[in-house]
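Okay, so chain A shows up in both of these, paired with chain B first and chain C after.
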Partner chain A sequence: MNQRFQVVQPGSAEASGASAPATPKNLPNRGGETNPSAGALQQRFGGAVKRVDVVWGETTVYIDGASALEVITWLKDDPGQQYDYLSDVTAVEYREAEAPIEVVWHLRSLPFRRFLRVKAQIPKGQPLEVDSVWPIFKSADWLERECYDMFGIKFRGHPDLRRILMWEQYKEGFPLRKDFPLRGRFSRSEQLRQALAQNPEAKYSMEELTIADAFEDLPESMRERLKSGERTGE
Partner chain B sequence: MAKRTVEVELSTTGLDAQGRAQRMPLSAIDDSGSAVAVAAPPSIEPELVGEHMLINIGPQHPATHGVLRLVLELDGETVVRCIPHLGYLHCGFEKSGEYRQYNQIVCWTDREDYLNSIGNNVAFALGAERLFGIEITERCKVLRVIAAELSRIISHLVWLGTTCIDIGAFTPFLWAFQQREKVYLLLEKWVGARLTTSATRVGGMAADIPSGWMEELRHFIKSFPHTIDEIDRMLTRNAIWVGRTVGLGVMTPEEATNWGLSGPMIRASGVAYDVRKDFPYLDYETYDFEVPVGTNGDVYDRFLVRMEELRQSTRILQQAADRLPDGPVNIDDPRVILPPKSKATSEMESMIHHFKVVMEGPRPPIGESYVAVESPKGEKGYYMVSDGTAKPVRWRIRPPSFVNLSAIPKMVEGHLLSDVIAINASIDIVMGEIDR
Partner chain C sequence: MGLVSRPERGLITHDAGSQEGWVATRLDFLVNWARANSLWPMPFGTACCAIEFMATAASDFDLARFGMERMSFSPRQADVLICAGRVPFKLAPIIRRIWQQMPQPKWAISMGACASTGGMFDNYAVVQGIDTIIPVDVYVPGCPPRPEGLIHGIRMLQQKVYNERSSDTSIRDEMEPDPLSQLYIPPSVIDELGEPFGNSVNQTRSAP
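Up next is the complex of A and B:
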């Protein structure tokens, strides 16, 4: 079983004359060196790429939310891009009430040692939905769940979009939204009342309880709820 | 008293004749020399075959390194399915950050990955400084490198000690924690706190190092490799250690990249991705150090990678100590840096600056920045968005342990229940960072 892996060196796809990576210095606020992938994206997708911004040396590509999965799949698979590492999925809501909510993907290309930020803007009033990138990046699993948990953004195609940091019965909404007050939506007494009223059985998700033969040992009322397909969450 | 020599048979399971670690499959060799899979022993209670059991590890369990809860579906002792539950430590760091000035957020960064507090301070300050467009002084850069590497040493030592305890060895824990105490004493002399350091400010550090501190650091750099050697001698070729770690939780290079692993986790899988080398910061490209890479992607390789990183961190510390330049630590910009206290109480302008920096806070231009550093756990990123006010619109932590832990169902499924503990330990999680 001496199946040793071939060591993968980042920067392997760079041209031989490429300079070694160095600490960025004296970055301009706007309009620094643009990541070449931004130009390639504009060429490939045209209208789906709305704007390219360079802030503090980091390139941001604003794309149409509907084509997010298509764009990111191309970035991953195209041999000239090879963005094979998804660092982060998150969202930004601005303080101005009418500013759109942004979904942000931070992508890295290890072979080219590039960094690219992809953003999709969802105007207020429209359903908060984008395609999940879970089919191509498994790292998106929990990151998208967290983003859903905190902002309420639904990732279409995610296999298990449940709350992750808040508990599944959490009813106060989405904590990182700007209309969510810092102290929580409910008063302390209401929070305490809900905590005391919690059902200890609900500490397992319904899905987990049905897998075990412990099912027969459950209280009658719970078995009925499980059979009727009720979920503990939401 | 006559000297007594004990012959030790080295070629136990997991070691070859030269005493090197050997990968042992769950198979045997038949007479022709080809491998055959070992058949499962006959079931003692046939009526129980196929019955699955639900078992709950945590949230309060010493081997879950905090308050992680794993729901495991077991077939006998084999894990069929693993469902992690988290959030027990969630306290809304990112939400609170939106109501704080940048220098006030530094205190929050101590408390997320609390084994790497000063490293987080450095990472956060770097992110904020890119947002402000600040270039820090040379002395500050070197001091931050020293801080980051010291904190990497602390974090890896805690990982080493607790993993040893999880797997059943107690002595290395004591050796590791002795050395960790020395680093904490150094930090205490520098910033006045051991765990919650809050050592950085936007544009500089809270304090310069006191006189005589460098001698103590040099003494530590000299004495520390001795402990690594001791732990190395005790564990690396230890048959029990090798038997408990080899071949567990394997991630291939493609899987590791796709699951977004970082730090020692991805490097043990054979991807030489180190933020310090590939996306450098703090002039790391000018330091001479190696990136250890594993080739098997199992728990044992993660251990080897972290052991070597301890040595490499000592190398970087040595170089940083040799090159530490004189000069100011903080930048000369009264809009972000507090004036000296003596001036603030005697000069009108300094007092106004002091008042403005404390009451209004430094204000960055409109923009955003994502700065990632190589924390002991992996790629730690701070993403900040500013709308021109003194408080960020969004402060996002990219937690390396969170993404690393998301691969645990993939890693434990098919292994034994007791191996879940070893695999979970090898991820090096800190729940404070995962739940935030």
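Up next is the complex of A and C:
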């Protein structure tokens, strides 16, 4: 919490300097200009990069699931890439019974004004596990929790992997899987009974709100009150 | 409330032949007049219906005309729970807790299609009508209802309040929900009662 933030000027690392961003026009459906990071990835990681697609001008790199953390760490730290913003972590499951489940990371490089979609395919039958990118992007915390909640994908190394949208005692499975019925697995009355059995007070903890982390940033008066043992939100 | 249908009554008047005396009926009338014109709403706004509710409370439609301008954000001081918007299962215990915290006399308005029936959200996450959790006095249809619709619902509730009698004690009966009573109906019974259902011939109410 106490780290000072570095201001990033969008486009500052581009060859032409920080120019005004232009909206691309007349993009082809397939093909078109490939994000230079895809080529750099192929050079650096070779076999771990399986395929590169360009759809509507956006580049998708298919990588080996086992090397996901390594690839994304390199994309963030390499001075020629600087993907410093993780905008989404999600997953896709297709209707086909044998099609793999894809885990998708949306990365954005502010200094280069680049967007890169990284996908890792997990074949059906394999354990749904990938490495968490939480150690390098703290924003992955809730994104990965949501992905786990909806698809049941386990992110190895996540500090607190539990449900975020559905309540923690939710027993019906993972709602965005294709084999999940739209109305859930239980009858309406059973769903309502289980929902009403929750304790609405048992939702948040001090650890979750991370007030402890923010303690030094709080106003002096509030610090005094918290030090004297005053409790909040109970 | 909810489960028991009550006989239709007009406005409380003194009937010379009835058992209720002149004082009781006049006092009821006075109490009901005061209650009906000072309903303090507990707004439970979860979706777009809450926007229409805010429009109703704002100066164009002006809920203050009905003595309701004071939003009671504490359930302890509220008279009428206005549920505006869909209620997901995760909110189900919360709306029930709020209802239990409200003191008698209390009423509930279910505003909009989602609060009344689940609306278009016939899925795994949304309660199919808040009347499965709390008793509802007035259902306001619409998606979302226009402010005129909500005001019509409020006028209906006022009419209901006017018709209450202090001699009728059952009107304040509350069913304490027993967590062990389970409210459980076997899936086979639900399918039998529920079909035909939805827009799919393959999906029943109880199972995939």
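In this section, the second predicted complex is superposed on the first by the 183 of 234 C-alpha atoms of A that agree within 3 Å, B and C clash if a C-alpha of one lies under 4 Å from a C-alpha of the other, contacts with A are read in each partner's own complex, and residues count from 1 in each chain.
The criterion applied here is as follows: contacts are C-beta pairs under 8 Å (C-beta built on N, C-alpha and C of every residue); 3 or more make two chains touch, one makes a residue touch a chain.
Not measured: the values here are computed from a predicted model.
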*Does chain C touch more residues of chain A than chain B does, or is it the other way round?*
B
*Which superposed partner A:Glu190 touches (first chain B, second chain C, both, neither)*: second
_By the touch definition at the top of the document, which applies to A:Ala22: first (chain B), second (chain C), both, or neither?_
first
*For A:Glu172, is the partner it touches chain B (first), chain C (second), both, or none of the two (neither)?*
second
_Contacts of A:Gln6 with chain B and chain C, given as first, second, both or neither_ = first
*For A:Ala97, decide between first (touching chain B), second (touching chain C), both and neither.*
neither
*For A:Phe137, decide between first (touching chain B), second (touching chain C), both and neither.*
first
*For A:Gln198, is the partner it touches chain B (first), chain C (second), both, or none of the two (neither)?*
second
*Pick out the shared contact residues on chain A: the ones touching chain B in one complex and chain C in the other.*
165-167, 175, 180, 182
*Parts of chain C lying in touch with chain A, wherever the complex brings them together*: 89-90, 92-94, 96-97, 122-125, 127-128, 132-133, 177, 179, 182-187, 190, 203, 205-208
*Within their complex, state which residues of chain A touch chain B.*
1-11, 20-23, 25-27, 29, 55-56, 58, 60, 84-88, 90, 92-95, 104, 106, 108, 110, 113, 115, 117, 137-139, 141-143, 146, 150, 163-167, 175-176, 180, 182, 204-205, 207-209, 211-214
_Touch list for chain A against partner chain C, complex_ = 165-167, 172, 175, 180-193, 195-200
*Provide the residue numbers of chain B that touch chain A in the complex, in ascending order.*
23-25, 27, 35, 51-54, 71, 73, 81, 83, 86-87, 90, 92, 94-96, 99, 130-131, 133, 135, 247, 252-253, 255, 257-261, 269-273, 277-285, 293, 295-297, 365, 367-370, 372, 379, 381, 383, 385, 387, 393-394, 396, 398, 402-403, 405-407, 410, 435-436
